Amino acid sequence: MSAEQVSDTKDDQNTGLSARAQRNQRSIREDGTFNIENKGMPLFRPDDIYLGLLTMPWWKFSLIVISFYVILNSLFAAIYYAIGIDHLTNIEGTTQWEKLLEAFFFSAQSLTTVGYGRVAPVGITTSSVAAIESLLGLLGFALATGLLFGRFSKATAKIVHSTNMLISPFKEGTGLMFRIANMRETQLVEVEVIVTLSKITVEKGREVRRFYQLNLERNKITMFPMAWTVVHPIDETSLLYGLTHEEIKYDDMEFLIYFKGYDETFSQNVHHRISYRADDIVWGARFIVNYELQSNGPTIHYLNKVSDYELTDLPVISIENEKDRKQLVQ
Amino acid sequence: MSAEQVSDTKDDQNTGLSARAQRNQRSIREDGTFNIENKGMPLFRPDDIYLGLLTMPWWKFSLIVISFYVILNSLFAAIYYAIGIDHLTNIEGTTQWEKLLEAFFFSAQSLTTVGYGRVAPVGITTSSVAAIESLLGLLGFALATGLLFGRFSKATAKIVHSTNMLISPFKEGTGLMFRIANMRETQLVEVEVIVTLSKITVEKGREVRRFYQLNLERNKITMFPMAWTVVHPIDETSLLYGLTHEEIKYDDMEFLIYFKGYDETFSQNVHHRISYRADDIVWGARFIVNYELQSNGPTIHYLNKVSDYELTDLPVISIENEKDRKQLVQ
Amino acid sequence: MSAEQVSDTKDDQNTGLSARAQRNQRSIREDGTFNIENKGMPLFRPDDIYLGLLTMPWWKFSLIVISFYVILNSLFAAIYYAIGIDHLTNIEGTTQWEKLLEAFFFSAQSLTTVGYGRVAPVGITTSSVAAIESLLGLLGFALATGLLFGRFSKATAKIVHSTNMLISPFKEGTGLMFRIANMRETQLVEVEVIVTLSKITVEKGREVRRFYQLNLERNKITMFPMAWTVVHPIDETSLLYGLTHEEIKYDDMEFLIYFKGYDETFSQNVHHRISYRADDIVWGARFIVNYELQSNGPTIHYLNKVSDYELTDLPVISIENEKDRKQLVQ
Amino acid sequence: MSAEQVSDTKDDQNTGLSARAQRNQRSIREDGTFNIENKGMPLFRPDDIYLGLLTMPWWKFSLIVISFYVILNSLFAAIYYAIGIDHLTNIEGTTQWEKLLEAFFFSAQSLTTVGYGRVAPVGITTSSVAAIESLLGLLGFALATGLLFGRFSKATAKIVHSTNMLISPFKEGTGLMFRIANMRETQLVEVEVIVTLSKITVEKGREVRRFYQLNLERNKITMFPMAWTVVHPIDETSLLYGLTHEEIKYDDMEFLIYFKGYDETFSQNVHHRISYRADDIVWGARFIVNYELQSNGPTIHYLNKVSDYELTDLPVISIENEKDRKQLVQ
């Protein structure tokens, strides 16, 4: 069998993906994340806080930084106020609220180490608190530096994939195809793709979900400046050989695509996951070339035409070894 | 022989792990570190100081930072005091102790570059010391920034493994199994496991410890969103074939597991080591599925049920090639 | 066939490089970038801004930093001025322009957190703006730190290659050769080269461009302290076997070279692309040794002699299997 | 032939290492660097400045930082002085020299952003220069942060190797052995070794230097907590088979060892090069075990005993295929 059979006859394999059969479920969501929710993690996980700060959206990150700044300053303002506002020089406020506010601004000036000095600490207690606050400010800033750098320097793949998978003419028969391209300015090299077919199959009278790695015409390319059409040839060894669209839907097929490349600019590996379902397949179509050669100048590559296809006729294949295929799948 | 024999007939192999036979010893401790103590390192190893600051617990790291801050400020306070406290403006203390304390706070304001300026240096010597101190402060802060970033950005695997290894039914025979799952929010990809069996064997009438790599049903998976049950099939080629629990204990077996994966978020490889001993093996049991499919929503994956198993019957195997096995082990 | 045929009989392969035939076009420009222009990217791509700041030339980067500094300070100066210049202490300017300028310098002192304090904020509104500005300053500085570090720590290969490809005597026949060397002080290890031949070929009466990976005498070396002459042996299995210079030009051949190594100092993989065209080939020449052994001291390696060659005679080869070759190419 | 022959019959191969024959030369120096000097690099290489700052010793790095600080402050002091010292507040110096010094200290306070404010800029020109200086200070500091982090976070292997190579008994014959161990606290995993033999050989009546990769008993280990004895079995396929110590010296043999491992803590690959010459070989000796098992506690591993060996007898081997060997080497 050409496709390595990921599955066996055990009750449940626990190989990282569910083997339970349920229809109309997808393993991978459209955004590339797994359709899984973890339970049983400890409530307080300090290791994952950095991770959260690294991956959350920018507006959330900004909000947290500002909240932190306000809360910390309020806290220190309260401390300075409690010690006695007369230990700060040049306090001009007359009401208690104004004095508290001035303590707040002094705190901000200490935390950011701007330290204008119009308001300055006098006396041992207030000076000690100010010394602690500016150390805290420096360390907090060090942390922010690391976080900002971490947020920016994280290489992420931005891969555009065709909306549909196509059943297209391929060599003497047909092939299952999808097209991907790199949406970023960075060059990806040594790009690799693994396509796993997830389908419901019947074992010992029971429906189970099994995973099979699909054969590809080519699973690795060295350079990736323009779109790549990944092809699974539907030949005699293919699990899709001779299947109709209805059969593919009935088996609740999902195609899990794992994409891996090396980002030249970030010097890091990047990954991406795509999931196609039976409904995404178009029968008898082929991708339209999405670039234009110029007689004088560079080739124009249209990233917004990666999904474009045109209908076409498929060659007729006589499925005489239908029985063999059935045996393969079992 | 299916398992690559790591060992040969030399006196001692020095292949990174001890070949001396001693009972009730483990090569890898429960926390994944090696049960080895190095001697003969130079006392002063500057290269390892950064490493220490990077890997020590947070409370220890904080303590070192604070101590450093206090000691450095005390030192500079002494210098300012020695030069003459009258070279600092606006010193209000009357006793020597108060003056020294004010010098301390001025030092803190210079080191953190907050520089309020109420107290400021006058005169060449004091100004020079202050110039040196603020440079030192900046560099120290630069160092802290690097350290904090280094501490956070270090990818570490947090792998939960089942408390026990199980001898479970597997295909027509049995298999030695353990289950692992990822405890962190980050996705691990291209996960690989190597299981090395460490056991006492008799060579030329002498007991020696030998290491054998065990065959696995599957030693690599591409995606690892849920638990993975790693299986060593106990077939005719297995060193465990036909052994009883007592024989496994008598040979003082230890299973050294080397785990490797690529952390998508940190773009780094992560590693983990696990060690099981003969006492950790449960005969005739199988893992309970630790996830639940939902008809509407994501699959629920219970990380706290990775160790859960239920007892089961094992198929009876006739060990007719017992003699062959004995020869294999020798 | 020795060279893996990257190409098949489909209309267009979309394997990352164009299959359309057009003469006098190159896939890779002389600076190693692809001769391709992407269209259809979204206008605002925040992810690529960091990338731009990372890879732009230094003069551009400096200009952006300075502009940012001036614009931000002007903006805050306007705000302070709008609130009321009397909320800043010690403003000495008499005209409105002078007052605005003093607000500008106060802003600069807040943004850089230098905060001399001669001019200091008084009152709630101005103090609040100043508190926001110094936070902004700190974060902007954090960003600059990350950017500067990112710009410097990016490992880039600086590979010098011979100006020409040579057809030289090799073993009993000839070989196509080019020479590369490392221009940087860092050591590259595990250096790998892939040479792809791009040529126009006739399929079904139509000219198409096809890509073939060329066989190399050796495609990987462990150590790369001196120049490496990469050799494609022109034997019976070679697509160049028996071709004349005119035929090579007629097929509009381009040699796409993908270079990969591991930079020991940066602990990163580095990549490089080179492109040679038919015009760059010299027939009957060989590279001159570009190093000198010293009886007492290190070997002298001349990086400026990597391209140096001398003319030589080529062995005469009888092309009796011309017909076979033609079939190979089809 | 078991050893991959790196060499062929060309005049010079240019495969990164010299093929010219010269006696008493080594390719790799004792510190692991190549015995090669590059000429023809451009004089001004901005890309290598960062590299230099990254790899230079600490005393040199500190000196450069301090010099930079002093020179920059002197420069700005001169500018402030030229503009007019009366544009700085509270200048107390009476002589020109004292005034210049006060400008110097004001500059230091601006550059480090400590900004006490006793001395503060007044007027547009001086304020502008101060604004530029504090921006420069911030950026310079950002640079220092990156450099310090870069210097610390660079993973470097610290491998101790045995002083000598030993010809020891191995299986039924002999083997060429050396022992290596990790001198750092970090764990190295997936450690790999490549041993290349460099020797003078006679081709077409001329002495040339050729390189051969030696067969190893094992060239990769997964875990490296203790010493590893790397073994080249001297069997019939070995280039050393039947050679005497004098013959090895006559051929001016050098053993080039390339070491590669993955540092778990730094998440980076580390590399190391070792070179042994014929004089470093001890005939008839074996390494003494350099660790001690404890009945209660961890195994003690002596890093200072990695080189320790004891003399032993070698098995006598009849070299009947001497003629074959000679042919192999040619």
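Residue numbering begins at 1 within each chain, and the chains themselves are lettered A, B, C and D in the order written.
Heads up, the rule we're going with is that a contact is a pair of C-beta atoms (placed from the backbone, for glycine too) under 8 Å apart; a residue touches a chain by one contact, two chains touch by 3 or more.
In this text, all values refer to a predicted model and were calculated from it rather than measured experimentally.
J.: If you average the CA coordinates per chain, which chain's centre is most distant from that of chain A?
T.: The chain lying farthest from chain A is D.
J.: At the place where copies chain C and chain D touch, is the share of residue numbers found on both sides over half (same) or under half (different)?
T.: Counting which numbers both chains contribute, under half are shared, so the two copies meet through different residues.
J.: Please compute the angle of the rotation superposing chain B on chain D (C-alpha atoms), rounded to a multiple of 5 degrees.
T.: 90
J.: When A-C is set beside A-D, which has more C-beta pairs in contact?
T.: Looking at contacts between chains, A-C has the larger number.
J.: I'd like to verify one number: the distance from the centre of chain A to the centre of chain C, where each centre is the average of its C-alpha atoms, in whole angstrom.
T.: So the centroids are 26 Å from each other.
J.: Could you state the distance in Å from the CA-based centre of chain A to that of chain D?
T.: 37
J.: Return the residues of chain D touching two or more other chains; collapse runs of consecutive numbers into ranges.
T.: 109, 113-117, 141, 145, 149 - these are the residues of chain D that touch more than one other chain.
J.: Tell me, which parts of chain D touch chain C in their complex?
T.: Going by the criterion above, the answer is residues 8-18, 20, 22, 25, 34-41, 45-48, 50-52, 54-55, 89, 109-110, 113-117, 120-122, 124, 127-128, 130-131, 134-135, 137-139, 141-143, 145-147, 149-150, 154-155, 194, 196, 256, 258, 260, 266, 268-271, 273.
J.: List the residues on chain C that touch chain B in their complex, please.
T.: By the definition above, chain C touches chain B via 113, 115-117, 145.
J.: Which chain C residues qualify as touching chain D in the complex?
T.: 58, 65-66, 69, 73, 92, 98, 101-102, 105, 108-109, 112-119, 141, 144-145, 148-149, 152-153, 156, 158, 170-171, 179, 183-187, 189, 191, 217-218, 221-229, 262, 264-265, 267, 286-287, 289-291, 293, 295, 297-305
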